[in-house]
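Next, two complexes with subunit A in common: one pairs it with subunit B, the other with subunit C.
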Partner chain A sequence: MMTLLSSDCYHLHEGLSDEVPSSEVHRPAPNEAAQEELFLQKLGARGWGRIHQFRNYYGPGWGEGQGRSLSPRAMAAFCQFLETATFPSGCLPSVFLTDRGGLELCWENADGKAVQVEFTSEGAEYYLEEGEIESMVSHAKMKALAEQLSAA
Partner chain B sequence: MPVPPEENIVRAICSDKWDGERIAPSLFVGSDTSVSRLAIIPLEEHWNLFRSYVEKPPERILMLIGEINVGKLQEIGRKHKSAVELTVEPKPESRNLAHAEIPQNITRGLANKICPELKLHHPPS
Partner chain C sequence: MSDPFPIPVPARLPDSISPCPIVEAIFELRFTTTETWATLPGLLYALIRDKYRDQRRLPLDHVPEELRKDSAFTHMPLLQFLSPDFLIQLGPRVISLVTKSNAYPGWPRIKQELEWLLGEIKKAGFLDEGERLGIRYIDFFAEDIFPNLLLNVHLCGQPLKGSECQVATVLRRPPLAMRLIASNGAVVKVDGVPKSGSILDVDAWFGALDFDVFENGVKRFDDAHLAVKQLFFGLLREEYLATLNPQYP
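Right after this comes the complex of A and B.
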């Protein structure tokens, strides 16, 4: 009978033995394919690629140490908004990740005036350069907000 | 002592806040906005300095540096419809001795007035 010594066992290199924090691993949602189609359709390849980066590579503490990873609630609100929103012909909105884990969508209306929405875990804050309007709505009003801003 | 209005300050603009077409106004939205003083460290040295601590994760790339005069920043704050007396407070850090902060809360509307006034510097080739 063979006896195994501790030196015979395989030991994982110390640097590889830490568990990967689950918050940094992106698990695809069941509707992710439909979401990606939506991003491509409304934001183009640039926007689609940026969202892919934000949700897969920007973990807690990104940037100078205080950045929060993308909020699932902010992402859900963003998708609800995009499903209804329309943008002026030839205009591809820009999408940015905010330090508090929100998504910021920026474009110009038909008159060239800035329209911006930041989707957060609590709701959506929007800004209209026309009239310098700043306000906030709850997640329940994404469709109405999209209709309002599409016509802005 | 606040940074005097004669000084110019810079802010790192990384790929999460610039997509090649627009700058995210959230670059300046909120309070305690980090900036850096050109009077302490010259612009050309800021490229490597910023890269040493802002490019996390590695996919986050320093794309531009935005520069603005402190006096101009204060003028924008005072002229905004909800006037704000903006200041820049020195907050040296071990990783950046030129670090400073704008402590006041900057709304999205005000940030939309500040961003177009930034002088944008591209990385040296």
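Right after this comes the complex of A and C.
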């Protein structure tokens, strides 16, 4: 369904109005069609569905009462990362909402070693099981991080 | 894919045209907060009540909270605060400044009100993170607008003329995204009287990583306003613009 800025200052002639929305059709928000396609391609239907849930149904206080809503900055950084990231053949990463409103992405590299990245409102923190590496980067480095971890 | 922003930007932009076609302009901020909806209106109202005395509950506020969780409602306002010149709309994740219908006060006055409002939002302390900063201008024209636009719709190789028509597209001028709707089948109330004609509905916004509400929020509104103005005047055919009595600085 499109989410528009709200205004009721005009309405369309009947012939141009939307029909009753179909529950079978999901209409991405304006400018988000490419993003939705990206989620489907790289995370599969399950990952796409989880992100939809996190964005829309996890308000402040979710979980044990301390969970924060998904950070819009974390979400935007996550999208920038996904645009460049590649994953081993047949691998669909898992995605989680963290207590602080970040998005955590987990998968195994070609050697079966864990790779975890948490996107937050401040940047991205990552962990590579291979070499026991932990570090963090700013939002400006999402493309470089994706290239680095795709090769890990 | 073709040019993401194919509209030519005019060398000179009018300050105004008359009659002014702007029906409504909305300046919107989407955000996250740790405050519940039960506390949010009070936090804001305490700071704006000298200017915005009256309140109006919108129909969605009567819908149970569980049903409002549907993504279609996430960024919809539930409450309006009214002043003689503007109204402020507030929802659990959105706040917007809206001009009075058919009474566009001009950009300098709007910018002044936005500066004041962002200051009050900062004082209220409920805003956790900005998600989207956008502006939307809705213009009404009594005639079919399509022949007057640099926008052609063809069907089977023939120009589509005289039919009810609506075109919606998303254009990109990074970091701005802009959604344009043009329709020749709209009804708008002008001075309380419904009139049928055409609308141009332009929405331009910055994403979460491209603005900081309290650092450069007003500047970003300024940027978006200029981009919408350029799109609007870039889209009109020169000969049509000349009939609108443009006033240049």
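Please note the rule applied: the second predicted complex is superposed on the first by the 122 of 152 C-alpha atoms of A that agree within 3 Å, B and C clash if a C-alpha of one lies under 4 Å from a C-alpha of the other, contacts with A are read in each partner's own complex, and residues count from 1 in each chain.
Operating definition for what follows: contacts are C-beta pairs under 8 Å (C-beta built on N, C-alpha and C of every residue); 3 or more make two chains touch, one makes a residue touch a chain.
All figures in this text were calculated on a predicted structure; none of them were measured in a lab.
Legend: residue contacts after superposition of the two complexes on their common chain; A:125 is shown touching subunit B, with no touch to subunit C. In the superposition on chain A, A:139 makes contact with subunit C only, while subunit B stays out of contact range. Contacts of A:76 after superposition on the shared chain: subunit C is touched, whereas subunit B is not.
Once the two complexes are laid over each other on the shared chain, residue contacts for A:97 go to subunit B alone; subunit C is not touched. Look at A:62: by the touch rule set out above, it reaches subunit B but stays clear of subunit C. In the overlay built on the shared chain, the residue A:52 is in contact with subunit C alone; subunit B does not reach it. Applying the stated contact rule after C-alpha superposition, one finds that A:113 touches neither subunit B nor subunit C.
Once the two complexes are overlaid on chain A, the subunit A residues touched by subunit B in the first and by subunit C in the second are 57, 59, 61. Interface of subunit B with subunit A (complex): residues 14, 16-17, 19-22, 24-26, 29-30, 34, 53-54, 56-57, 59-60, 81, 107-109, 112. For subunit A in complex with subunit B, the residues that touch the partner chain are 46-47, 50, 53-54, 57-59, 61-65, 94-99, 104, 106, 114, 116, 118, 125, 127, 129, 132, 134.
On the side of subunit C, the complex with subunit A involves touching residues 23-24, 26, 28, 30, 32-36, 69-72, 74-77, 89, 92, 96, 98, 101, 128-132, 134, 136, 138, 140, 164-166, 170, 172, 177, 179, 183, 185-189, 196, 199, 201, 203, 207-209.
Taken together, the subunit A residues at the contact with subunit C in this complex read 1, 3-7, 9-13, 15-16, 30-31, 52, 55-57, 59-61, 68-73, 75-77, 80, 101, 121, 139.
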